[in-house]
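Please go over the structures that come below.
Next, two complexes with chain A in common: one pairs it with chain B, the other with chain C.
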Partner chain A sequence: MITAERKPMAEIRAMLAPYRKILVVGCGSCVAECASGGEKEVGLLASALRMDAKIEGRTIEVREMTIDRQCVYEFIDQLTGIADRYEIILSLGCGAGVQAVAEVFPKMLVIPALNTTFIGETKEPGLWVENCRACGDCKLGYFAAVCPVTRCAKGLFNGPCGGSKNGVCEVDPDSPCAWQLIIERLENAGRSDLLEAIYPPADWSRQQGKGPKKIVREDQRSEG
Partner chain B sequence: MSTASNLERVLKAGIFAVTSECGPPRGADPEAVKKKGGFLSGYVDAVNVTDNQTSVVRMSSLSACLILKTMGFDPVMQMVCRDRNRIAIQSDILGAAALGINNILCLSGDHQKFGDHPTAKNVFDVDSIQLIQCVRKMVDDGRFLSGEEIKGKPSLFVGCAANPFADPFEIRAMRLAKKAVAGAQFVQTQCVFNVGKFGKWMEMVRDLGVHEKVHILAGITPMKSVGMAKYMKNSVPGMDVPDDLIKRMQDTPKEKQAEEGIRICLETIEKVRGIKGVSGIHIMAIEWEQMVPEIVRSAGLYPRPSP
Partner chain C sequence: MDQKTAGLNIAIFFCRQLDANQDKNRRAIEKELGLRIRFFPLPCSGRIELLHLLRAIEAGADVVYLVACPEGACRYREGNLRAKRRIMFAQKLIEEIGLEGARIEMVNKTAEMPADIGAIAMELLARDAKVSISPVRSNAVASFIEK
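On to the complex of A and B.
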């Protein structure tokens, strides 16, 4: 999932200051799962904005809407006929959601209420961890399903570095050393031989360097 | 194939090698490099120049190497993967070779979190093992990483670092073996304080036959005080300072601690010299370069073979 965290209220307030009619739009997918941009969070943020206005003696109109997916036009269409009644859209989607909504409503300003942080997993209630950088060339098959690009602080393909101590990364004592995990998992699976291979420099052009990435699939396009 | 490296010549002659290091200044004054170099002159076979060590901005390694070269040293240019992509790395290698630098030490580099610009973006386009391969490809095959031919190929003696004390210990010798396969010709280890553990690591290194493929220089650091010993034990990642050494420093009166530190250092040199497969020492006298001559003399490693 794409994880996100709500921006500080001061930043959101500053961006909204010139506006009185605000449409707050949540997303029912990833950011709902990580409790930052779902229906509940939309309600909390909208209430906070109304409360602010009341205390300051301002009149504002805040409407709450949460759609299933803010990054897919079919769902964004639910805002058509509603969005243009507002001065601004405050999106609780990830960066992709904010931009997709803006694309559908070219005349409207859309501002983000969240900071999109990473692709990760729900490790336990209230704990999300990053485990994918979308490098475009997945090598998890060689590294016992532990991503060195994401989980090693130096992104080493031929680790570990000299700073691993007691299975912990020198950069963050709360993070396990990715290479320690890779070694343990490969040993457990009887595939220590994979540790002896030297992995060549990655093809980073699959991740970045050619502008925004695209996937084009004709089989999906012809259906429409 | 041999290079013009004095270090390579000494090691290949089977002479127990002595290298040291010079950390460039946090400024543009060449005298700071010359002053440190002055302490080492005549006492080392080569001098490493660190590359923004601990991620703190300093004069570039190549520039300080050049200053030391004009003083008659055979510098070892340290190069980290943290600050350069493969384009800049190969460009700097060509430049270093063009300026007569004969040695390169390939490192991943300390994480920027520990330095003076913790909000910087790191690069790590390649890692240290890939860097070793890259240099050897340029030196041996005369080709860039891309495969394209180099017109005027560089000549460099290629080194790497190894930390025998980091976890997981069991794979540390194998990791050096990987560096040897990648093409490392010499290795300088992390500071050895725990000689017992170093000896175990060397045993594993010998079992893999790696000591016959790569010249091994044991890292040596004299401790100035019990404070420094504790700092290295507790705050420097990957450092192993045994408690008995801390106690020995602690039990020594403050004004005698530096002397005791040198004594420990000399004992360590004596012990690692006795370990089969150790070809030399690399003295990292951090901001204490003036002690290197005394250490080299007292260890019976002076005079050095003339370059």
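On to the complex of A and C.
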């Protein structure tokens, strides 16, 4: 899941200042799960914007819409015929969603209401933690499904640093030591032999320095 | 000046577990204050949503109360504890647009408070007004009354 947090109201307010007709668009996928951009959050932000305008004596028109996914054309298309009635789209999607909506409506200004933060999991209600850096060279199969690049503060590939205490990271006492988890899980699975291997550094060239990444699946592509 | 005299519009969300006769017990004050007071019974205070609180303010309430069971006495164990966190979050949300956080308040019932919701509401209205009429309200009175 891609996680995000709402921008400060002052920043959103400044971006919207010149506009009176605003379409607030949420996304029902990742950002709904992390309680930043779903239908409820769209309602909250729209309500706050209307009240803010009333307090300042401005008149604005705010419409709320939430589509299932802001990063897929078929869902974005639900805004067709509606978006052009507004001066601006305030997107509560992730960065990918904002850009996908902007591409479908090239004449409209689309601005983000969220700061996209990381790929993570819902650990418990109200707590989301990062567990994937999208490095493009996944080694989870060797590390008992615990990513040392993301979950070890030092990103160590070949064993623990030795600084953890009671299973807790010395850099971030709120996080368990990733290497303790890796070792425990490999031992439980009877695969502690994997700890003997030496792993080369992660190949970050897959992730960085080549412009936007792409995945092409020929079986999924349409003709032409 | 108390909240009644100050002419404040009050919205009261409350846990129905507090008063088995809530429907009857709130009639007198509803009759007296008319549309200046609105009651919203909830099956548990933990059912309160941020959107309930903001929409109430947007619709013209000057003060929104959530009346909950005493801490440790929630029928569903932690409903009122969850509600408390939501109230704090809602206060931050309205402070971001320049409204006083005190416009949203949680009240945990105590042994000294009356058992019926109408009497509790009277006590709340008799408190000193911490805020004045909401700046949102001037343009929103109509919707508060309509709903």
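Quick note on the criterion: the second predicted complex is superposed on the first by the 220 of 224 C-alpha atoms of A that agree within 3 Å, B and C clash if a C-alpha of one lies under 4 Å from a C-alpha of the other, contacts with A are read in each partner's own complex, and residues count from 1 in each chain.
Following the convention adopted for this analysis, contacts are C-beta pairs under 8 Å (C-beta built on N, C-alpha and C of every residue); 3 or more make two chains touch, one makes a residue touch a chain.
This structure is a prediction, so every number in the text was calculated from the model and none was measured.
Student: Between chain B and chain C, positioned on chain A by superposition, is the outcome a clash or a fit?
Tutor: Here the two partners, once superposed via chain A, fit next to each other without clashing.
Student: Between chain B and chain C, which one contacts more residues of chain A in the superposed model?
Tutor: Ranking chain B and chain C by residues of chain A touched puts B first.
Student: Report for A:Leu44: first if it touches chain B alone, second if chain C alone, otherwise both or neither.
Tutor: second
Student: Touching A:Cys177, do we find chain B (first), chain C (second), both, or neither?
Tutor: In the superposition, A:Cys177 contacts chain B only.
Student: Just checking: does A:Pro8 make contact with chain B only, chain C only, both, or neither of them? Give me first, second, both or neither.
Tutor: A:Pro8: touches chain C, not chain B.
Student: A:Gly136 contacts which: chain B (first), chain C (second), both, neither?
Tutor: Neither partner.
Student: Quick one: classify A:Lys54 as touching chain B (first), chain C (second), both or neither.
Tutor: In the superposed model, A:Lys54 contacts chain C only, not chain B.
Student: Once you lay one complex on the other using chain A, what is the shortest C-alpha distance from chain B to chain C, in Å?
Tutor: It comes out at 26 Å between the closest C-alpha atoms.
Student: Based on the A-chain superposition described above, do chain B and chain C contact any of the same residues on chain A, and if so which?
Tutor: Overlap of chain B and chain C footprints on chain A: empty.
Student: In the complex, go through chain B and note every residue touching chain A.
Tutor: For chain B paired with chain A, touching residues are 81-82, 86, 108-111, 113, 122, 124-130, 133-134, 145, 161-163, 166-168, 171, 174-175, 177-178, 181-182, 190, 237-238.
Student: Provide the residue numbers of chain A that touch chain B in the complex, in ascending order.
Tutor: Those residues of chain A that touch chain B are 153-167, 170-171, 177, 180, 183, 195-196, 198-201, 204.
Student: What part of chain A is in contact with chain C in the complex they form?
Tutor: 8-10, 40, 43-44, 47-48, 50-52, 54-55
Student: Spell out the residues on chain C that touch chain A in their complex, using ranges where they run on.
Tutor: The contact residues of chain C facing chain A are 49-51, 54-55, 57-58, 93-94, 96-99, 135-136, 138-140.
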